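One structure is given below, encoded as C-alpha cells.
For clarity, chains are labelled A, B, C and D in written order, and residue numbers in each chain start from 1.
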Amino acid sequence: MAITNENAGSKGTALIVGGGPGISASCARLFAKEGMIVAVAARKPDKTVLKTLEEDFGIARYQCDASSDQSVEQLFGKVVSDHGTPNLVVHNIDGRVPDIFRKEITEADPDLALQTIRNGAYSAFLVARQATKHMLSGELDDKGSRGTIIFTNASAGIKGYPKSGAFAMACHAKTGLAQSLARELMPKGIHVAQVPIDAAVGWRQEDGTRAHRRMGTDENDNLADSDQIAEMYLHLHRQHRSTWAFEVALRPWVENW
Amino acid sequence: MAITNENAGSKGTALIVGGGPGISASCARLFAKEGMIVAVAARKPDKTVLKTLEEDFGIARYQCDASSDQSVEQLFGKVVSDHGTPNLVVHNIDGRVPDIFRKEITEADPDLALQTIRNGAYSAFLVARQATKHMLSGELDDKGSRGTIIFTNASAGIKGYPKSGAFAMACHAKTGLAQSLARELMPKGIHVAQVPIDAAVGWRQEDGTRAHRRMGTDENDNLADSDQIAEMYLHLHRQHRSTWAFEVALRPWVENW
Amino acid sequence: MAITNENAGSKGTALIVGGGPGISASCARLFAKEGMIVAVAARKPDKTVLKTLEEDFGIARYQCDASSDQSVEQLFGKVVSDHGTPNLVVHNIDGRVPDIFRKEITEADPDLALQTIRNGAYSAFLVARQATKHMLSGELDDKGSRGTIIFTNASAGIKGYPKSGAFAMACHAKTGLAQSLARELMPKGIHVAQVPIDAAVGWRQEDGTRAHRRMGTDENDNLADSDQIAEMYLHLHRQHRSTWAFEVALRPWVENW
Amino acid sequence: MAITNENAGSKGTALIVGGGPGISASCARLFAKEGMIVAVAARKPDKTVLKTLEEDFGIARYQCDASSDQSVEQLFGKVVSDHGTPNLVVHNIDGRVPDIFRKEITEADPDLALQTIRNGAYSAFLVARQATKHMLSGELDDKGSRGTIIFTNASAGIKGYPKSGAFAMACHAKTGLAQSLARELMPKGIHVAQVPIDAAVGWRQEDGTRAHRRMGTDENDNLADSDQIAEMYLHLHRQHRSTWAFEVALRPWVENW
C-alpha cells in the first residue's frame, strides 16, 4: 500500500482521514499534484474511488476506524513509518447517520445520536491527538510551522438547525475542539483550522458530469465544488504563521444564510 | 420520595437534573418558594444537600444516571407518575471529569474525553428528549407555553479554551443541541434556553459564608452567585411566548471576557 | 414638566430616550408602577402617547435631539436637576429612515445612510457618554451597581440583512458600542446591556386591541409584545452584579432565525 | 497618472482605496505582479510610498477623500475612464483618529467619534456603492464573478474592546455593511468579503527590516505580515463562486484571542 508518487517528499506528507469521492478525493489529487506524499485513511480503503486515486496519483490507502483510539494510533504509526510524520492532516469525516438525520428529537434514536457524535466529533479528537503528538516532535518548516490540522465541518457546526439535534451536537463539538486546539497549538507552531461548508458538496465524476449526494439540481453552482474546497485547504496549509486563518466558511454564491 | 410541598400544584412541576449544592440547590429552593412542586435527580440522591432540601422545602429526590437512556426514561416515568408532567426541566450537569480537565491534548485520555461528552452533552440530549415527549402531550398554559427546558452551560460552550479540548467538545455540543431544539420546539410551544455561566459559581453555605468549588477567593463578587442564577431561570420560565430568550450568558461584573 | 409619580424616589430615576408607543411607553408604565421616577426624552415630547403617560403615570417629558451632543448634554443636566441622577437609562431609538430602508445599495442615498447612523448609533454614543459621566459620580446601590444602561437593538445588530446596508451599519455600530462599554464600565459598577428584538414589536392600544407598525397580522404572537420586553429590562436592572447579563435577544416563538 | 504596467489588462483592474505602506502597498505590488492594472486612491497620493509604487510597479495614483460621496463618485469615474471597471476593489481604510483612540467614554470627544465612523465605516459604504454600480454593469468572468469587494477590518469589528467605543462602532458598522452586502450582492455575482486582522500589521521596509506602526517588538512574528495578507486577498478574488468565503480573520500564531 505504501506507494509514493514520483515527485513527492520535499513538499511533505499529507494524511487525509475520510475517503469519500468529494473533498477527500479532491484534496488527494491536488496535494499529490503539488508534490506531496498523500495517504488516505478510510473505513473501507478498497472502494473504487480510492483504488483509482492510487492508480492515477500514487495515493497510499490505509484502513482505519477513526472512532477507535487504537485504530487511529495504529494508523499514525503506519503512516509515519511508511512516509514520515505528516505535516498536513485533514479530518474529513461527516459522521451523520442516515437513520437519525432530519429526525425530530422525539423520533431520534439515542444510540444513533451517540454514534453520530463518535463518528463526527470524537474521531476528530482522536485524529488531532495523534497528529499533535507526531507534529510536536518534528521540525519547523520555512514558514515557521510544524504542521497543519484542518477539520472539515458543516454549517451545523456554527448554527444548530431543527430536526438534527444529534448532528448539531457532533458538528458543534468539532467546532469547540477546533477552537480549543487552535488556541492551544498555534503558539506551539501547529496551524489548526476548520472549514465549515455551508452547502451540499458537489464533485466531478470521471465522465466530467457533476455528482452530488443530496440535492436535486445539477450543472449549476448551488453546490460547493470539492476541487475548489481543496484549493482553500492548500492555501491554509501554505500560510505563513504571521497570518494564520482559523476558520473559513465556504458557501455557493446563491446560498441563503 | 414523592413528597410534595404544601402550596404546590397550581404553579406546575419542576424537574432539576443534577444535584449539586450550587445552581441545582438554588433552583430547587426558589422554585419551591414560588409554589412549584420540585423534583431533583442526581446520581447520588442521598447526599446531605439533597436531604436538607427535602426536609426544608419538600423537594422530591430521584436517582438517575443521566448518561443512560434507560435511566432517564425511568426517571421521567416516575416523576410524571408522582407529580404530573414537569413544565420546567433544568439540565444542570457540568460533566467535566477532573482527570482530563486542563490537560493538553497529548495528555488527555481518550476514554475520559468520551466520558466528558457523555456526562455533559449526551445526558442533555437524553433529558431533553424525554422532556419533549412528555411536554408535547400536555396543555398550553396561560402564557402560551407547553413548558420550559433550560440548559446550564459554561463559557466553554461559546468559546473553546486551550487545554480543555474534551470539555470544549461537550459544552459546544450542548450549545448545538440547545440551538437545534430551540428552532425545532419553540414553534411547538416549548421554550428552550441555555444559560452559559462565564465564571465559577459560588453559593452560600448554611452558616451564611460563601462556598465555591474551584477558586481561591471568597467573600467578593468574582463568582456567579447561584441564587441569582436561579432568578434568571425563573424569569425565563415565566416569559410570554411573544418574547422568548434563547441564550442569556451571565458573568460577574469583574470578569474579563 | 418635572412631575413625579407618588411613590417614586426610593426606587431611583429612570430615563428613557426615545418616545414611541411601543417599548418606550411600556417601560415608562412598568418602571412607574414599580416606584421609579420616570423621564422620557423625545424629539417631539408633545405627542399624545407621552401626554397620556404624563397624565396617567406622572411621567416627565423632555425634548431632545439625541443625535446632537449639545441636546443630549442639556437633557441630562435637566433630568439630574429635576430628579437626581438616573440609575437606569434606556436608549430606545431605532434610527431607521423610511426613504432608505429596504433599498438596494445602488439605490440607497448616502446622506440618508449617514443620517441612519447618526440617529441610531451615534445617539447611543452620546446618551451613554452622559449617562456614564453622571452614574460614575453616584453611589453603589444595595446590588453593588452604580446604574444600568440598556440599548434596544434590532436583529440587524447581530446579522446584516440584504437591502438594508445603512441600517445594518447603524445596528452593528450600536452592538460594537455596547460591547465596548460593557467591558469598560462593568468593572466600574455600571451594568451595560443590549436587547436585540428579533421581530417587529407589537403593543396594546387603549382599546385593548393590538397595534403594530410594520406587519400585516394581528391578534397573534408573531410580534414581540412591548410589555414583555419591558419586563426583561426591569429584570436586567435588578440583577446583582455577581451575575450580569450583557445581551438578551428576544423573539416570538414562531420566529424563523 | 494613468500609467499601466506592462502585462496588465487581461487580469483585470484592481482599485485599492487607502494608501498606507502596509496592506495597501503589499496588495498593490502583488496584484501588479500578477498582471492586474492597479490603481490606488489616497487622501494624499503624493506620499513617497505611492510614488515608489508608481515607479516600480506602474501603479496609478488617485486623490480621494473616501468619506465624501462626491469624491468617491469622481474617483470611480476617473478609474473606469482610465482603466475600465475595476473587478477587484479593496477598502483598506482604518479610520481611527489618534486623539480619541484608547480613550474612556467619558473622555472621548463626540466630534472625533463621528469622524471615526465617517472615516472607517461610511467611506466603506460609499466605496462599495460605487463599486457595485459599476460591477453590476459588467460581464461575468470565467469564474462566474462580476467582481470582488474586500473590506479590511480590525478585530474590533468582531469584538468591542474597552476604551475604544468609537472605533468599535466604526469597525462593527463595517462588519454589518459587509454582511448585508454579501447577502445582497453574492446572488448577483459580486463576491463580498471582509478580512479582520487580529493584530497590528507589520511590513518590510526598503532595506528589508520590518516596520510597524504601534508595537514595541520587531523581527518576530507577533505582527501580521502585510505581504501575507495580500496573498489571502488574491486568493479570495480568485475563488470560484461555488465556494466563496465571506470572512477570513487572520492572526499571528502567538496572538491571544
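Assume a residue touches a chain if its C-beta (ideal position, glycine included) is under 8 Å from a C-beta of that chain, and two chains touch if they have at least 3 such contacts.
Predicted model, so just to flag it, every value in this text is computed and none were measured.
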item	value
Reference chain A; chain at largest CA-centroid distance	C
Whole-Å separation of chain centres (CA-atom averages), chain B against chain C	32
Rounded Å distance between chain A and chain C, as computed from the means of their C-alpha atoms	47
Of all residues in chain C, the ones touching two or more other chains	183
Category of the chain touch graph - line, ring, star, complete, other	ring
Chain pairs in mutual contact under the definition given at the outset	A-B, A-D, B-C, C-D
Contacting residues of chain C [partner chain D, same complex]	69, 104-106, 108, 110-111, 113-114, 117-118, 121-122, 125-126, 128-129, 132-133, 136, 156-157, 159-166, 168-185
Contact set on chain C toward chain B in their complex	144, 183, 186-187, 189, 191, 197, 202, 221, 223-225, 228-229, 231-232, 235, 239-255, 257
